[in-house]
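The two complexes that follow have chain A in common; it is paired with chain B in the first and with chain C in the second.
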Partner chain A sequence: MRAKKLSLTIAHRLAILAYIVFALFPLFWLLKVAVTPNDLLYSEGVRMWPSRATLEHFEFVIAHSAFPTFFRNSVIVSGSTAIAVTIIASLAGYALSRFSFRAKYWLIALMLITQMFPLVMLVAPIFKMLTPLGLTNSLAGLVIVYTAFNAPFATFLMQSFFDGIPKDLEEAAMIDGATQFKAFRQIILPLTLPGIAATLGFVFTAAWSELLFALMLISGNDAATFPVGLLSFVSKFSVDFGQMMAAGVLALIPACLFFLLIQRYLVQGLTAGAVKG
Partner chain B sequence: MTPDVTSRSRAPLMRRLAIASEPYLYSAPAFFLIVAVMLVPLVLGISYAFRDVQLLNPFSGGFIGLDHFRTLSEDQAFLRALKNTLWWTGASVFFQFVFGLILALLLDKPFAGRGLVQALVFLPWAVPTFLAGLNWAWLFNPVIGPIPHWLYALGIFSEPNNILSDPHMAMWGPIIANVWWGIPFFAITMLAALQSIPRDLYEAAAIDGASGLQRFMSITLPFLAPTIAITVLLRTVWIANFADLIVVMTNGGPADRTQIVASYIFTQAFKRLDFGYASAIALVLLGLLLIYSMLIVLLRQTLLNKD
Partner chain C sequence: MASIDVQGVRKNYGDVEVLHGVDLTIRDGEFIVLVGPSGCGKSTLLRMIAGLEEVTGGDIHIAGKHVNHLAPKDRDIAMVFQSYALYPHMSVADNMSYSLRLRKTPKEKIASAVGAAAAKLGLDPLLERRPKALSGGQRQRVAMGRAIVRQPKAFLFDEPLSNLDARLREQMRAEIKKMHGDLGATSIYVTHDQIEAMTLADRIVAMHAGVVQQIGSPLDLYDRPANLFVAGFIGSPGMNFLEGTYHSGDGKADIRLSDGTAIPIRPREGLRDGYAATLGIRPEHVELKEDGSWQADVELVEPTGLGIILHLSIHGQSFKIFTADRAVLSPPPSLQVNFPEEHLHVFDEDGNRAD
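And now, the complex of A and B:
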């Protein structure tokens, strides 16, 4: 019986190990090629670690390429989107959580519909709509589009955080003469700070990863976000693997930081929009 | 009239208006933004499907009725994309679900270092999809990636080729990348459902002498069933629409072998700038997804009526 239990434990740990290896191997390989000097890249083949490591690809990417611009653009777009969505979604999520009003079910229905249809449908019409407004090839255009795309899911997420806070708190404040908005701002919002951080994290990651609309709406290097810049780099200089992967590692850093930030809220976040990956 | 209502109606009109409009003020920014950036383009896109809208042709824009749909019914690339979508969605969802469920079951047992292990195995979900696609495309590339050489060493390939350029195998490339990227999603949702199962049920079953398999079949599965059903059904729609990995890894090639409907729409709009035709394809995809959703609702109704 003990031998059986021991072998079960070993099998369990081995299975876990297999998952870890599968999850991390591609990222490890990215890092490995990024630190391999060019002269060893082809000669050493599939060795697990190069005999000589270097940071020259990172230095080149940071000092002599357009990637810092792409990185800055992506930070601006993702950061502004995250802040705008969180403000809008806090307000709407609060309305859904605390009020019963006639249009409530229409609002929920509208937001659920936006989660069901393929967003790629909107690529062409949005391009046509933004062109006369001068919002193509601009970071502001991307922020507006991403803010709208992420608002429904973030609203449901914020609603779930507000639902977890007892109503008595605002009621007490309102008996003392505060308006509901004041109660919301001064009592409820500070209590939902962890939820606000989670929403910021989710939206930032989503905006950081978005590719198709960025490809369609951005054409020049000046307003290119990281995915657009990296893909155009790949199609133009598809032999500089070390530099491409160094750029890839750099793109991974903010995503990983925000992942750590939202890790505790993954379940709530993944089920809030119910369809959001 | 009850006294309460009389006292309320005595309050100043402005004040009552302010109270009644309060929820609308909170939700107005979200509402208008969603209508302007999602609903209006959606309606506009539907109208494009019946018009000749080409970006590079200033004389286009006229109403052409069902012409796009007639072209579409004879478009071999589109028919292939329909088949590929089924294949891509079915295989991706199946493997993500199976491996995600196994991972959730493994993580449900307490062990030392579980928090760290969770952070590591869920990390792929945090990787931006464009990077996940590029990363796997590089792993499959015989110049710098190890996978072709391993397959060659195992005798599966006669020479280290890139499966992304092999018409018969190419679809597996994006599918594997998608499975890698999507396992955490299923594992996280399943793990949450697993941890909400009351522990004393297992203890009672163990006292009654139920084996591990029996406990899994008669406690775990029935408890998980609703979560599994909802997650799989919603995820199916999401993955059917998920074109990023394919656009990054193969761009639909070789010879449209990996083109799914969503990536075909993007290719028509982005490469050929034929917005009318792209919107017609999108409308067909929307119709198919609607039919799928309705089937699900019907299925749910019949299942509920049975109980």
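And now, the complex of A and C:
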């Protein structure tokens, strides 16, 4: 019995380990290539770690490429998009969760439809729309497009979080003397922090890695975001893998920081104890 | 404190009407208990008074003020929810003081009000805890405390004790009664529990299918139920009913069961000769007598400790007796019983009481 339990535990741990290795291996490879000197990249064959590690790619990327600009643009675009979408989605999600109004059904259907089209189909019309408005080649244009595309899904996400919060709570707050909006802000919103964190994280990463629109709407380096910038390491005749990977590693940093910041809210269930469990 | 006046209040959900014109006048300081089977509209009525549900028709006045379109926050009432609805991200003290903070009450006043309420409910050692670190009974007390920290015009309770175990319920019931004695606050209390209704109420409102059936003191409802519904709903075990037809003449009257047996009663007004009528008698009022005039077959014996419930059959109709006489713990196969006239309730063909 004992032995069986032990072996089960070991199998369990091994399975988790295998999963983690599988999931993280590409990241490891990214890091490995980023620290491999150019002269060793092809000469050493496939090894897990180069015989000599270097930071020269990082230095080059930071000091001599347009990467800092891409990076700054991406932070601005992703951050603004995440915040804008989360605000819109919180308000809309709350409305869908709590109010009944006539067009609700159609509104939801419409929002679902927007999620059905492959984005490629929409590139041309959106380009046509943004050009006269002067929103091509600008970060603001990207933020608007990203916000529009992420808002519906984020709204559904937030709605499900609001659905999970008992209605009694805001009714109690209203009887205690709060307006509905105050009850939303002081009682419901704090309890939705995990949902808000998840939405922020989801939208941030989506905007951070978006390539298609960034590529189509932006030309030139000034307003290019990081995924577009990465492509500039691909020249006609060669790909500078070392620098590209170094840029990739650097680009991971804000995403990691961001998730470190919000993970506290992602893991905890805040509603415990609200109603008799 | 205030009076509450409900006039012809109706409620529709879409096409379905769930309250069909409720009239209810509650005096200042009165303790009203709403009872009725599940789905009869008790919570709906309570929530309409609180302002949480829109009023489809009719008028609600609180302290003489028309409140149909007033937001809950402007009605100045307190409510204890069945689920307690404590704010999970706030400490017990913050839960209790939330309403005062919303009203911008000075800090010292908040502290003293919370202190007083906590002392009254024995919550002092728990003030800094979050709701999730409390037991069910403690949560219930916090919900209570949240209501009593301010002096609202009225208290509304929606089955506040139904999540507690029997012992705790008994204790909280007594505390609510004591609290009402101290505060003298106008209260409306929804419950399924007979004992809660009987012990707490100044007046009970019995509802069925969105219609008020009877309003009166607990003993009124027990002694003189207005109709079959109230007769069957109030009291436990429930009242026995024997269906038959009413016959009268020569200053005498009886109710004839389907097998022809006639049970003599005193003549009642409002009953028509030859029409259907129902005879009711509470299990605790049936007499067991050697020389009783009715024979009953014993089907089941249920000892409750306090007394014994006997399930009988009289002329093919099932029947219950409640008695403290332990001799019937092992009864003979059949018994003789009497129906004392002063304890007989008679209802006409529409189920309304006839006197």
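Everything that follows uses one rule, which is that the second predicted complex is superposed on the first by the 222 of 277 C-alpha atoms of A that agree within 3 Å, B and C clash if a C-alpha of one lies under 4 Å from a C-alpha of the other, contacts with A are read in each partner's own complex, and residues count from 1 in each chain.
Criterion: a contact is a pair of C-beta atoms (placed from the backbone, for glycine too) under 8 Å apart; a residue touches a chain by one contact, two chains touch by 3 or more.
Keep in mind it's a predicted model, so treat the numbers as computed, not measured.
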Touched partner set for A:Leu14, first chain B, second chain C, both or neither: neither
Partner chain in contact with A:Leu231 - chain B first, chain C second, else both or neither: first
Which of chain B and chain C A:Leu169 touches, first, second, both or neither: second
Superposition-derived comparison: chain B or chain C, residues of chain A touched: B
Touched partner set for A:Lys182, first chain B, second chain C, both or neither: second
A:Leu191 touches, of chain B and chain C: first, second, both or neither? second
First, second, both or neither for A:Leu41, with chain B first and chain C second: first
Contacts of A:Ala63 with chain B and chain C, given as first, second, both or neither: neither
Footprint overlap on chain A, where chain B in one structure and chain C in the other make contact: 270-271, 274-275
Interface residues, chain A side, partner chain C - complex: 166, 168-169, 171-179, 182, 187, 190-191, 270-276
In the complex, chain B residues that touch chain A: 22-24, 26-27, 29-31, 33-42, 44-45, 48, 53, 55, 102-103, 106-107, 109, 111, 117-132, 134-136, 138-139, 143-146, 149-150, 180, 182-183, 185, 188-189, 191-192, 230, 234-235, 237-238, 240-244, 247-248, 262, 265-266, 269-270, 275, 278-279, 282-283, 285-286, 289, 293
Residue ranges of chain A in contact with chain B within the complex: 12-13, 15-16, 19-20, 22-24, 26-27, 29-30, 33, 41-42, 45-46, 87-89, 91-92, 94-96, 98-99, 101, 103-104, 107, 110-111, 114, 116-129, 144-145, 147-149, 151-152, 155, 180-181, 205, 208-209, 211-212, 215-216, 226-227, 230-231, 234, 241, 244-245, 248, 251-252, 255-256, 258-260, 263, 266-267, 270-271, 274-275, 277
Chain A partner contacts - residues on chain C that touch it in the complex: 50-52, 71-73, 77-79, 81, 83-89, 98-99, 102-103, 130-134, 136, 139, 146, 163
